[in-house]
Amino acid sequence: MGMAILVNENTKVLVQGITGREGSRHAQYMLQYGTKVVAGVTPGRGGQTVQGIPVFDTVEDALRKIPDINTSIIFVPAQFAADSVYEAIDAGIKLVVIITEHIPIHDALRFVNYSKRKGVTIIGPNCPGVVSPLRSKVGILPNHIYTRSGPVGIVSRSGTLTYEISYHLTQAGIGQSTVVGIGGDPIIGTDTLEVVKMFEEDPETRYIVVIGEIGGTMEERLAKYIGSGKITKPVVAYISGRTAPPGKRMGHAGAIVSMGMGSYESKVKAFQEVNVPVARTPTEIVKLIKQYIR
Amino acid sequence: MGMAILVNENTKVLVQGITGREGSRHAQYMLQYGTKVVAGVTPGRGGQTVQGIPVFDTVEDALRKIPDINTSIIFVPAQFAADSVYEAIDAGIKLVVIITEHIPIHDALRFVNYSKRKGVTIIGPNCPGVVSPLRSKVGILPNHIYTRSGPVGIVSRSGTLTYEISYHLTQAGIGQSTVVGIGGDPIIGTDTLEVVKMFEEDPETRYIVVIGEIGGTMEERLAKYIGSGKITKPVVAYISGRTAPPGKRMGHAGAIVSMGMGSYESKVKAFQEVNVPVARTPTEIVKLIKQYIR
Amino acid sequence: MRLLEYKGKELLNKYGVKIPRGAIVKSLEDIQTLKAMKFPLFAKSQVPFAGRAKMGLVRRVDTINDAENAARDYLGKVIQDYPIRKVLFEEGVNVAKELYISITLDRENRGYLMLASTEGGIDIEEVARKSPEKIIRLYIDDYEGLRDYMIRGVAQKLGLEGSAVQDFVTVTKAMYRVFTEYDAELVEINPLALTTDGQLMALDVKVMIDDNSLYRHSDISIEDSDYTTEELEARKYGLHYVELTGYVGIMANGAGLTMATMDLVKEFGHEPADFLDVGGGASEDSVKEGLKILLTDDRIKAVLVNIFGGITRCDEVAKGVVGALNEVKTNKPIFIRLKGTNEEEGRKILTEVGLKTYETAEEAMEALSKAITR
Amino acid sequence: MRLLEYKGKELLNKYGVKIPRGAIVKSLEDIQTLKAMKFPLFAKSQVPFAGRAKMGLVRRVDTINDAENAARDYLGKVIQDYPIRKVLFEEGVNVAKELYISITLDRENRGYLMLASTEGGIDIEEVARKSPEKIIRLYIDDYEGLRDYMIRGVAQKLGLEGSAVQDFVTVTKAMYRVFTEYDAELVEINPLALTTDGQLMALDVKVMIDDNSLYRHSDISIEDSDYTTEELEARKYGLHYVELTGYVGIMANGAGLTMATMDLVKEFGHEPADFLDVGGGASEDSVKEGLKILLTDDRIKAVLVNIFGGITRCDEVAKGVVGALNEVKTNKPIFIRLKGTNEEEGRKILTEVGLKTYETAEEAMEALSKAITR
């Protein structure tokens, strides 16, 4: 049996900000998907329930009652999100998925560095989360897209684009081991390279799809690592933002080319040098993967 | 041959603040004592010499030229001392002795925690330093007192009182392995217990003298540790401040009894419970040690 | 967002950076406040982009009358969609040497980066390209912060001596405070002048603040930023809008998909007119307001809408499109790709008003391509 | 040093802690400023120690005349060597509940400690002694800081509910800011009142600032601290002076040796009148000024000087002693133990003016003991 990465059948989820509009809605969707959502937290709302899920005032309270919580998903508004992340980390939760967008970058920088010191994995912020199809979803990815497990691991900086590529893969009969949306902010908890390393270790994953975009040097660093021979599984990539002008921020706070760094050309060149094929359009990813599977 | 702790023949000393009055004076005294003082630092004074010792602008410059520096002693004025400590730590020096007094406590707290994370030993601040008689002195302890090496290790929160006790021991023919003045501030780099553990490991040291004072719980924690059986060498103690009223600060910023903690009685009781004799006067220490040696 | 020069100077000055004596003029009445100053002055239009001098937006004025003329010329002028609301009048400074200094985010190492160079006064990207060895880099850990000794190391490499070293410590620590306390993404002084009388003075500054942090900086107004009127309007509806130079209007949901759509337009040999992301969870309203921006843009010949419904519901998108068409008279052709959640319902709504939908973005773009070259 | 109540309140209020409406009166002229306030008021003498109420230094005033009388009574009065220079007049508050809250240094763990209790308004040391279970303790790491969620945990244990929880976050974060930004050793609000209309308000505060940090806090004046005139004078010469209750004057070099000397006095059945540490590197001047404090103190019957010369040179000490005797007429007996660096030279100087020296502190104390019981 496959294992997938980050989330699986053993994932027990706490929803921070569960009484908010997004929190309660996606708690429901996750339950519908089959995710074991076992508790929620909203300060001052302890004792209530949301979708039948018990709500606690603090993460500590939740863990005292339900000690096997191992994952938290954060829907708390941006101004209070950082505090929720610290609360989850300090309570001993080892995987924290942050959906919240608009968290100040300096906050994210501090809590990401903190998580690294504490050995906690953060996915996000400003990300769609993680799904291991048919097993568990900790995120907001649409349920109806993720209907087939299989050999392709996806790591992506984009939400919608990922749904689209997953959709086409599944349509083509190709299932996914795990799909990880790492988020579009300049500072994120887990980067492309870190996820690719996890896929390399995962027996279920046999092919890796990297969906990148302009800005930063994550893709270049991944290419360098692939060049060192440490990734043995086939990797294919798509990079969006070829036509974005330098110095302009393209929707994602992280999607900006500056000081000559993070351009489309530099990323494509880096991948091509290590024989990673780069699709010209999102749908071309499916063709590239099919060539390997054939 | 003995080994002593912290400083020995292999100690190569950098003097930070060497062009100041205290720095230059004690650089000379240390040289006279036989300490290998190999470099000094004062920003903007690089290229000069003090007592024949080359002066550099930065610690990095000094280490580039003289890579075997392993110890730094800091005479830099209080306002700039913290910065010098960081500079020494970041440059990779593993023992930093801080003579400077009046360093703000919050500064000390931060740099001491930093040193722990970086695996650096700090002695002080506001301390007389360390001497392993006849081998090396990194501090301001008077040369003429430290004329005999031997089996007694001393750890002390006080300067003058230590000189006095050392003097009497030496007069009685009893030499010292290492004498460590840990400093009188509320937050210090290395506490009594840590030094006693080093003495326990040191083959040369056979008897341990602890000179404590009121305030804090260092002595109580040491007593507890002795009670756990992990210190096999005889320990004798003196505690000053029996007659100090609570809530008043006795010269040393650390010498204050508050919230019922750190009183003379509590410390003496803790020592007596683990059979550590406590001298009534400083000179009685010599008698107590003699009983063990006999 | 990028702050206007005068506002960035104000923040740095608060923490101890010296700046030329100056005054802000918002209207002609303010000109009288300049009487106390030492002429000649330099009139600097407060616009949030580089190359002001070349655009004739900075000039020397020798008298109050000159100053008034400058203010009259500049105020209200619209440059690159940005209306000039303020003019900074500054006294001159005798410059011995111009340095570059900045603090920025280091995304890769999740910390901060200080960049310094003796090549001040020119575009640092140019220096980085032509002589990267002239840029001094200092990594700063977010916890350990910026220590004096590190700064002294940089000062040494910049060739600063004597009291300028301590002044440089003051300047950079002030920059660091602004950077961390104001959630900045960039704090740049360029040039940092060493004056003939040995002082360090910030002649021009560029401060970029993280938009998401504005709620905690009550002293920063979005009025003092580089947002154009359109961009501010788009922000209100949760839209991300960036104006580009082409003629194919683009609207999509999600930053990645929107960029991919731009790239597709180019792939077909056309030029995108904009980046318009209605968001991963777009609502009827945001779609309507977004599309209205494109329909009223004269540069745009045709519009490509690319929606993949995940969180976004296709029927909401369709309603938004219909809403926009009801409000704006247009004969621009619109090509809509609609896929995903509630796709059927969405298609039905659009068919009712005579709009065709496509299965893939490629198909929609192919149709658009034929329409505008026809 | 401990700040006066009003100054501590000012700092906390700056960062958002609510305090009763109040005004500081330094002289009778200031009384007129009270007219705008809502009587009855509470006149609180600004003295830096506990138990003011019991000493009659706090009273209720119902009219301006009452207030003037209170000011006349308090201002200029000297309590425990401390002259009252300021009186704080505050409006009354309707209290529903009194809490205790403080942040202090955690020496053992090299961090900070927050203490909270529902037993507000009484001495926390007493609570700690009688019912330690009523004290909530929260350790705070200097790097991680105080997080909102931690505070909410404390609020929960204190039984706070509704909007009081968020108010409590505001109060404690303000305390934490004062603690870290002002180099405090203690920031205490006791009582922190929950008023009948649901507000949290600091009724009395105690803030202790690290003396060594004063150079970086230009808004804190040593005038607003608990230093007595003598202590301030002693500080000027680098002396550490603490007044005790006995009659044997003590001067020694080094804090440990000085305390050991106090203990020795007690060991001989006598009572020390002071702690006076002339420092590890005492100079002629500091010895002279230190000894003058003791010689002019009427409570003192005899003086014990205990010097072990390490860094301190015995000849410098001897010159200082002679200097003091030249300036102050006294017939108090002085017993001097002098040992260490330049011991011979020191002894010679003292012998010349007829002063004997001793080899050990015990010998000197024995002689002193005989002299004053004689």
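Letters are used for the chains, namely A, B, C and D, taken in the order the chains are written, and counting of residues starts over at 1 for each.
Criterion: contacts are C-beta pairs under 8 Å (C-beta built on N, C-alpha and C of every residue); 3 or more make two chains touch, one makes a residue touch a chain.
These figures come from a predicted structure and were not determined experimentally.
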Rounded Å distance between chain C and chain D, as computed from the means of their C-alpha atoms: 54
Between chain B and chain C, centroid-to-centroid distance (C-alpha), Å: 55
Distance between chain centroids, defined by C-alpha means - chain A, chain C (Å): 28
Shared interface positions of chain A, touching two or more other chains: none
Of all residues in chain D, the ones touching two or more other chains: 143
Category of the chain touch graph - line, ring, star, complete, other: ring
Chains touching one another, given as label pairs in label order: A-C, A-D, B-C, B-D
Chain C residues within the chain B interface of the complex: 144, 147-149, 152-153, 156, 162, 165
Parts of chain A lying in touch with chain C, wherever the complex brings them together: 78-79, 102-106, 109-110, 112-113, 128, 140-142, 144-145, 156-164, 167, 184, 186-187, 211, 213-214, 216-218, 221, 238, 240-245, 248-255, 258-260, 280-283
For the chain C and chain A complex, residues of the former touching the latter: 105, 107-108, 110-111, 124-125, 128-129, 142-143, 180, 183, 185, 210, 212-213, 215-216, 240, 242, 244-245, 252-260, 262-267, 272, 275, 277, 280, 308-312, 339-341, 360-362
For the chain A and chain D complex, residues of the former touching the latter: 43-44, 57-60, 80, 83-84, 86-87, 90, 114
